[in-house]
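The same chain A turns up in both complexes below, where it pairs with chain B and then with chain C.
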Partner chain A sequence: MSKNILHSWKNTPLASRVEEGSSKNFKTGSWRSKKPVHNKEICTNCLQCWINCPDNAIKVKDGNIDKIDYDFCKGCGICAEVCPVKAIEMKNEKDE
Partner chain B sequence: MIKKALTGNEVIAEAMRQIEPDVIAAYPITPATEIVQIFSQFVADGKVKTEFIPAESEHSAISCCVGSSAAGARTMTATSSQGLALMHEILHIAPGLRLPIIMPVVNRALSSPINIHCDHSDTMNARDTGWIQIYSENVQEAYDNLIQIVRISENKNILIPSMVMTDGFVISHGMENVEIAEDRKVKDFVGEYKPVQTILDTDNPFTLGSLALFDSYFEIKRAQEKAIINSKKIILEIAEEFKRKFGREYGYFEKYKLDDAKIALVAIGSISGTIKDAVDSLRGKGKKVGLLKLRVFRPFPAEEIKEALKNTKAIGILDRSLSFSGQGGPIFSEIRSAVFDLKEKLFVLDYIYGLGGRDTTQKEIEEIFNNIELETREDRTIDLIKYVGLKN
Partner chain C sequence: MSSLKELSQRKGGITSGHRLCSGCGAGIMARQVMLAAGNYKVVVACATGCLEVATTIYPYSAWKVPWIHNAFENAAATISGVETAYKSLKKQGKIKKDLKFLAFGGDGGTYDIGLQSLSGALERGHDFLYICYDNEAYMNTGIQRSSATPKYAATTTSPYGEVISGKREFRKNITEIVAAHNIPYVAQTAVGYWNDLVTKVEKALEVKGPKFINIFTPCQLGWKYGPEKTLEIGKLAVETGFWPLYEVENGKYKINYKPQEKKPVEEFLKIQKRFNHLFKPERKEKLIQEIQDNIEKGWTELEKKEKCLN
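After this line comes the complex of A and B, so read on.
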């Protein structure tokens, strides 16, 4: 509801309708307790992490891993788990 | 206008044929089965263009209705008793999403013990789900209520689903002479359905049914409550238009010889016919008695009921279901609360009757009137809750 934050019940959108694209305004990355850290030195750009990421948080540019979008990465660790060369490491948020 | 002898189920199927909704999704259950059985024959015979979905349960049937109504289709179903109970989870969702689904409900007792006959346990159990609830006294009212309810639910300022009730077997299977309007007249009255919003509108995409936590849930539910409160005005407007076009008059309730009555009964459903005969009989003996027959139970017309009952001395409420609270049935609680602010104290007694389809006779109704007179004659401790026709 972030885009539709209500100030009065009198102007509530009908049936709690939420306009399209509102999830962009809701930074689910804040849920994360562990963050994936990408090591470009050993990454082979096989894109397994990009295929498997459930939050579309692995950003690709010209066929190569560009960065991890920490605004929406929930820290599930799937990318680190599927990486065949261990180029992604899950680190505690506090340690960073 | 055509005069026909029809049962309650037949008349509802006939009204549904004339309204010709876009979608009907349903699952059969006694005593409502015939409604969709007859309607499915209309579909098979090509008499309607309605998409008919025979679902695998009532939970699925009402879920189909939610999807179809959200897509912008005029949508109906019909059920009874256990079927309505199985729908219960989705009953809350339909008004929350502001989907004007129409559902005739044939009143039947709830298990256990299992019973197929009439009482009002099923729809009273659904009274706080947010649906508009209108009860019918007879076959003609069932027809008239169903035609009117389409306009009430679909009003763009309301968008709240509705139930139209008929008493199981008494109305659903009882045959009466009724006036059926021409198809064109009904179609003109209900009009073409123009949904305010549809999830299939790809030019204006939106999410329906998303999460709303402590920052917005409260406001959304208050707005939903306001919509059903606003339907009170629309119910009367539609009744007025219906009277002009079809000639029969409706309101929140019917006052039968109530204006000068000292003792009155309040009832819903088919028992009202029996009470009218009892009132006539007692009036013949000089007793000032009357009836308030409640038609609209949700939204509850508390102020109007208070006004209608203010000159009575004592009233008896006929409840055809239990609340298991020790405080009487649901209609008793509502009415007693509505008349609490009256300056002159009004005695309110509850009479539980007809559970599981037990018949209540005119003689028993006359005894209720006599009992109210006796109980409230002098200053004595009154037993508020009574049971009519219970084997002692």
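After this line comes the complex of A and C, so read on.
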């Protein structure tokens, strides 16, 4: 199923198996109007942004913040709000 | 208690690409619960609600664990059936794995529609953990009032006008109703306190028998605030005493967090537009005071219970 993305009811079969985690094929990043930009230099890797992200869009590698997954980030700004050292800044999507 | 570094090594049970609103408290809650349960093999049942609808829009699913949805009213009945089948299959030697059972329900699916099946499952003593994510109204169908909606909150079915000021009744206390079933573990926690939430879920999963955790889950759409304020509102609810963090372990009460000085409830009400009519056009002091008095009453009762039942 996940290999074969179904976009419309017209080509959706009447019944099929839904694979685990297949929502990864549905990119929610397009919802965003503001974009979080991560500054690695000030970041202390406290992971507060990671644990509080509703969309699992902050990627952690070996206990450090690796990157923000813009395919799924909906731009809510919780990460920028919770960051104790202001290492995440919300920028207008248009300005980029 | 697990540290964030430890948690980040675990495989989460719910992934990206679900269609919950931006800044949704339920998304935060579900991720944290599934990370806390990350060391176990879990089976999840969801009652109808925001979480169920937004995470499993056909043909997609955001869940990485065995997952079942049945109807609005019977998440607890469904999971108790699954748990009983598992026990039988394990006895017959057809399943070797150790499994844990989780049920998620919103306040509609727990306080109102699912109360009867939840009560039944608790009384029968099935080994499962029920998570209620309380966003204080039926958000998924368009913000209708539920029995979890606080007094004077405006919803589409309890609007405010010249005569009435939002919902006219106080919310019901489901945590106490569940605690009255004398089950081994009942707790209340909030989005914004990941440490408290994860610790309680981990603690609950170690206990055998029915467990219940009620999670305060801010909803930016229904409570009408900016999506980045979700954690702040969760924290204000706890700091003002509106939502105490406590647990009942084998009948013993424990308040997990006592604010040194409780903030006035006004601070919690002011930043949510659903309470706007209490401040504009003119301030309704009497109504705000009524909410404040109710909080004080609740706290005094809870402190007494902690003192007497410890």
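Operating definition for what follows: the second predicted complex is superposed on the first by the 77 of 96 C-alpha atoms of A that agree within 3 Å, B and C clash if a C-alpha of one lies under 4 Å from a C-alpha of the other, contacts with A are read in each partner's own complex, and residues count from 1 in each chain.
By definition in this document, a residue touches a chain if its C-beta (ideal position, glycine included) is under 8 Å from a C-beta of that chain, and two chains touch if they have at least 3 such contacts.
All values reported here derive from a predicted model rather than from experimental measurement.
> Looking at the overlay, what does A:W31 touch: chain B (first), chain C (second), both, or neither?
A:W31: touches chain C, not chain B.
> I'd like to know which partner A:S22 touches here: chain B for first, chain C for second, both or neither.
So A:S22 meets both chain B and chain C here.
> One more residue to check, A:P54. First (chain B), second (chain C), both or neither?
After superposition on chain A, A:P54 lies in contact with chain C alone.
> For A:K10, select first, second, both or neither according to whether it touches chain B, chain C, the two together, or no partner.
first
> Determine, under the contact definition given at the top, whether A:K74 touches first (chain B), second (chain C), both, or neither.
Touch partner of A:K74: chain C, not chain B.
> Using the touch criterion from the header, give the chain among chain B and chain C with more contacted residues in chain A.
The partner making contact with more of chain A's residues is C.
> Report, in rising order, the residues of chain A that make contact with chain B in one complex and with chain C in the other.
Residues common to the chain A contacts of chain C and of chain B are 1, 6, 12, 16, 18-20, 22, listed in rising order.
> Quick check: in the complex, which residue numbers of chain A touch chain C?
Chain A reaches chain C through residues 1, 6, 12, 16, 18-28, 31-32, 46-48, 50-57, 60, 63, 69, 71-72, 74-78, 80-82, 90.
> Quick check on the complex: what are the chain B residues that touch chain A?
Against chain A, chain B makes touches at 96-99, 159, 196-197, 205-213, 215-216, 218-220, 222-223, 226.
> Going by the contact rule set out above, which residues of chain A touch chain B in the complex?
1, 4-6, 8-10, 12, 14-20, 22
> Of all residues in chain C, which touch chain A in the complex?
Listed in rising order, the residues are 4-5, 7-9, 12, 14-28, 31-32, 35, 55-65, 194, 220, 226-232.
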